[in-house]
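Pasting the structures in now, so scroll down.
Shared chain: chain A. Partners: chain B in the first complex, chain C in the second.
Up next, the complex of A and B:
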């Protein structure tokens, strides 16, 4: 319990530091949002601009009033975030929280889908390679994976888009679903969403699967040489059970943490991917926010992405004990003599 | 070697049946630089209810000898010869001719094995109970009755059954894991238990207590025990008979006291003389010069001849057969009669513990 408390505190502190950093960035960056908002307020109000207008605009957009003392600004900013108020997007003229709430599920859908396909595929292929170590299939796949693993996903994304979508017209060129489809749990909607997600997912999977499969291969080869497998075989445990309960279980374990951390960091990767496929997720909003100097939206996206990474690591930490008995007590030794 | 006819121990009743025997058994690996014979035409009988100690230095083929008894040599190793198991009701089973499913039944239900390195013999993500459970259920044993037996075995090995069964391997100490492994090997009521260095990596006290436990368990469960070790002292008072291995062959075998106190092979004599002992002054201890042969390139004639002080031309050309040295004691040396005068033993009595 003490351990859980410690991890929880770490989580809270990390999130807090991220919020503070984004406050500081916006507040002190030269040529930053303050100048931008002032300029915008001036433009809106023409020559007869008032101080009040500037203050109001910034209060609305950024969540703090520039003339209040620093600690008051900071307090207001934090409380606003905690209440879910991330300010108003300058470019979209909408609350940032509403934009994120609408875009986040799409990014999540894309990422979870590609991560699942990538890891399940990598584990199966990796185990397969391990059982045929040094065979022709193993050597061939190892070289192919080494090449794929060093190819950036956006190169593959561009190639897929130009060939499969523009050249052959097999896949949609943009968007999350076909227009004019009523959102909901209908076959038509889900099909369209999957159809639009195909190319982005393929480009992530194809460039990411190699590294994980090679890691799984290495883990499995190591387990295949373990004494307990030999002993299990002598004890008459069928090969099927040995494969699943002995080899697979022990080889997959070390990859679990990696899965959770990667899920978090994928959000960062979404920025370019969604831009390429014109996929309106959180990454694309962030990209637009950067190019349009939409600071409130940028900060909101930044916050959500960081939160995703920290949460991923936290969940991995919390749940690892459930799947690996050796970690169950969270560092407190249970060994007895 | 004319060992197909099982020899009788005269001081035991003549009808002590043979339980398990290896006949002209070899294990070889083919390597780039030639064929590596890591067990070279070994013949050996294990009598029903005895404790056979097998000693030898590292790399003398001890583990191969152990694995051969269960046909457990892993590819690419190749096992040839004959392994015969006598069920006790007059049937003989040729282990190497069994179908995979018959072999699965023989292993663990008739002949079980305890490996060295107890820490690596357990699946790290499965509880001790899980190991017992799966072993019972995949052999179609009644799991309830089997777990009762597990409880009994564990308490006889001075473990707390409830706690040990609920534990994962990493939660137990080395000695506990090793004792739990012995319990796991006995769960399907085997007749023969082959133990390959079961006390390696344990401290001396734990080694002694495991030996004492084995002695008790062997009596109670009417086990035939094959105990393999490099520690000649450790098996000295546990084993009924001792077999000494050198260069992938058995070079001497006989009643334990005879082999130790009246060894008839120069290697055994030197081995006994080089064993640290409280009674022997350190000046009298002599290491054996030279080193054990490479399995790809075993010397012609007697494999010990390059290191042997008795060796002559005959030894270097002619491989000695097992020669009867009296008292059911055999030795593969041309000069069995001269050994005593040439290499005097530095100990005269076994005083272990």
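Up next, the complex of A and C:
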């Protein structure tokens, strides 16, 4: 129970730190959003009413009025975010939350698909490599993974797009689905979405799978050398049961941390990946917002990407506690020196 | 370290007296030569070190040998392997790609150095303190680490880069690894948690040795190989993120950078013109080879840390760490 409380607190703290950081950046950056909005309002207004216009624009776009006391500004900003109001996008003249609500599912779709394939694949491959340690398969895969692992995902994305889409015309060059397809649970729509997601997913999976597989391999090899496995064998526990219940489970558990860290890297990577594939997800919107200095949209995307990751990590953390009871009972000594 | 058996450890004087020169020689042997021998006993260590050395050479000596990239030093968009003068081809302004790559190397190396030093120093300090001190200090530092771990790095870096527009190379190196230290600090912390229970640490503690000294002399030597591995890996992170940001055109340009070459190639349509593909492949290969070199170097360094693997290298291993042998 104490553990649950601790996790929950940490979740809340992280969310607040991120929101505060975002507020600080928006509010205090010289040449940042405030100056920009002021300039915009000046350009739009004639004379005289500039001041009210500035206040109005910033209230609408950023969620606080710059002439209110700081703590009031902060309070307004936070409550607006908590109520789902992320301001108005300057470039699109639309509520940021509406833009994000439309784009986020696509990014989630890409990420969930990639993560699933990557981790399931890595665990299976890693386990295989461990059982055939130093065999031909093992050494071969290790060197292939070393090269793939050294290639950033966006570079694989560029190469795939260049060869598979432009040169060979096997895959679509841009977009989330083919044009003129009604969204819905139709075979056509799902097929088209998967078809468009293939290259992005491949670029994430093949650059990420190696590191995880090698970690799984290491974990499994270590467990294969444990005494309790020998004891289990002597007691006549069937090899199948040993493989699944003893080796697999214990080797997969430490991967959870890896999973949580990967979650952040991948969601962050969406900014680059979606730009390359012209995939209109939240990352692409964030990039567009940056190039157009659309601060409300930029900060909105930043907040939502971060919140998505924080929530993902929180969920992973909770389920980790369910799978591995040692975590929630807090085994490690925390005596103060 | 040998201690005479039998009598009380407090009354025993070391049977070997060392003068300064011997002490330096021993230090060199323990912390430079022995680890280097383990590193280079493996093909990965040799290849990795050679690759890294080659890039350092290109970034220092190469800059003197290869002419600076200037416009029209080669025909515009000259394809690679056509002439010895611009062997890797040229960009849309007739700048030789070899010149662009070589003169972009110092920038990258400085960024790697800044980012990797920042990450490892930060992570080691916070991780050791948190793991050793325990109690409230640990609770606070752990929360800070967890917050930093969960905030996705790239969007944060992008937001900071657009707002601050850093112009200093070292600052950019630090910026792109702004939250990498947290993950490393976490794993250092959990290692220190096991080390702090060791008897020799307990002895230092009971003797009233100040925390600084305990951390420096008793704890740090144990995690140093691990820190080294992650120094190298942090360097990789710097390459990946800085190239991505320059490719997207988010960071303000300071000198030439491999990511800038990618960016110009991309915006000049090298992606869908097969005759221009060399323009993408050259910077890509440059990035991948260095990153590969750093990766296999870190793998070779794993032996310094991983006791199970090190068991195969008995001859040098006894000298490399301060771990007491049973």
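Note that the second predicted complex is superposed on the first by the 321 of 337 C-alpha atoms of A that agree within 3 Å, B and C clash if a C-alpha of one lies under 4 Å from a C-alpha of the other, contacts with A are read in each partner's own complex, and residues count from 1 in each chain.
Methods note: a contact is a pair of C-beta atoms (placed from the backbone, for glycine too) under 8 Å apart; a residue touches a chain by one contact, two chains touch by 3 or more.
Every value quoted in this text rests on a predicted model; they were computed, and no experiment measured them.
K.L.:
Label the relationship between chain B and chain C on chain A in the superposed model as either fit or clash.
P.N.:
Pair status: fit.
K.L.:
Once the structures are superposed on A, label A:161 by its partner contacts, choosing first (chain B), second (chain C), both or neither.
P.N.:
The answer is second: A:161 touches chain C but not chain B.
K.L.:
Have a look and say if chain B or chain C is in touch with more residues of chain A.
P.N.:
After superposing on chain A, more of chain A is contacted by C.
K.L.:
Could you tell me if A:232 is touching chain B, chain C, both of them or neither one (first, second, both, neither)?
P.N.:
It touches chain B, and chain C stays clear.
K.L.:
Output check: A:253 vs chain B and chain C. Expected answer is one of first, second, both, neither. What do you get?
P.N.:
first
K.L.:
Which holds for A:182: it touches chain B only (first), chain C only (second), both, or neither?
P.N.:
Neither partner.
K.L.:
In the superposed arrangement, which partner chain does A:324 touch: chain B (first), chain C (second), both, or neither?
P.N.:
A:324 contacts chain B only, not chain C.
K.L.:
Once chain A of both complexes is superposed, is A:93 in touch with chain B (first), chain C (second), both, or neither?
P.N.:
A:93 sits against neither chain B nor chain C.
K.L.:
Give me the angle at the C-alpha centre of chain A between the C-alpha centres of chain B and chain C, rounded to the nearest 10 degrees.
P.N.:
The three centres form an angle at chain A of 70 degrees.
K.L.:
Going by the contact rule set out at the top, does A:245 touch chain B (first), chain C (second), both, or neither?
P.N.:
After superposition on chain A, A:245 lies in contact with chain B alone.
K.L.:
Does the superposition put A:301 against chain B (first), chain C (second), both, or neither?
P.N.:
Only chain C is touched by A:301; chain B is not.
K.L.:
Nearest approach of chain B to chain C by C-alpha atoms in the superposition, in Å, rounded to an integer.
P.N.:
Result, nearest C-alpha distance in the overlay: 14 Å.
K.L.:
Mind sorting out which residues of chain A both chain B and chain C touch, each in its own complex?
P.N.:
Overlap of chain B and chain C footprints on chain A: residues 334-337.
K.L.:
Under the touch definition given earlier, write down the residues of chain A that touch chain B in their complex.
P.N.:
226-228, 230-232, 234-238, 241, 245-246, 249-250, 253, 324-326, 334-337
K.L.:
Spell out the residues on chain A that touch chain C in their complex, using ranges where they run on.
P.N.:
Those in contact with chain C are residues 10, 13-14, 17-18, 25, 29, 31-32, 146-147, 149-152, 154-155, 158-159, 161-162, 166-167, 222, 225, 260-261, 264-265, 267-269, 271-272, 275, 286-287, 290-291, 298-299, 301-302, 305-306, 309-310, 313, 332-337.
K.L.:
Okay, in this complex, where on chain B does chain A touch?
P.N.:
Per the touch definition, chain B meets chain A at residues 70, 72, 74, 104-105, 107-108, 113, 115, 117, 120-127, 131, 134-135, 138-139, 168, 170-173, 176, 184.
K.L.:
Note which residues of chain C are touching chain A in the complex, please.
P.N.:
Per the touch definition, chain C meets chain A at residues 132-139, 143, 146-147, 149-156, 158-160, 162-165, 183, 193, 196-197, 205, 211, 236, 239-240, 243-244, 247-250, 262, 266, 271-272, 274, 277, 280, 284, 287-288, 291-292, 294-296, 299, 308.
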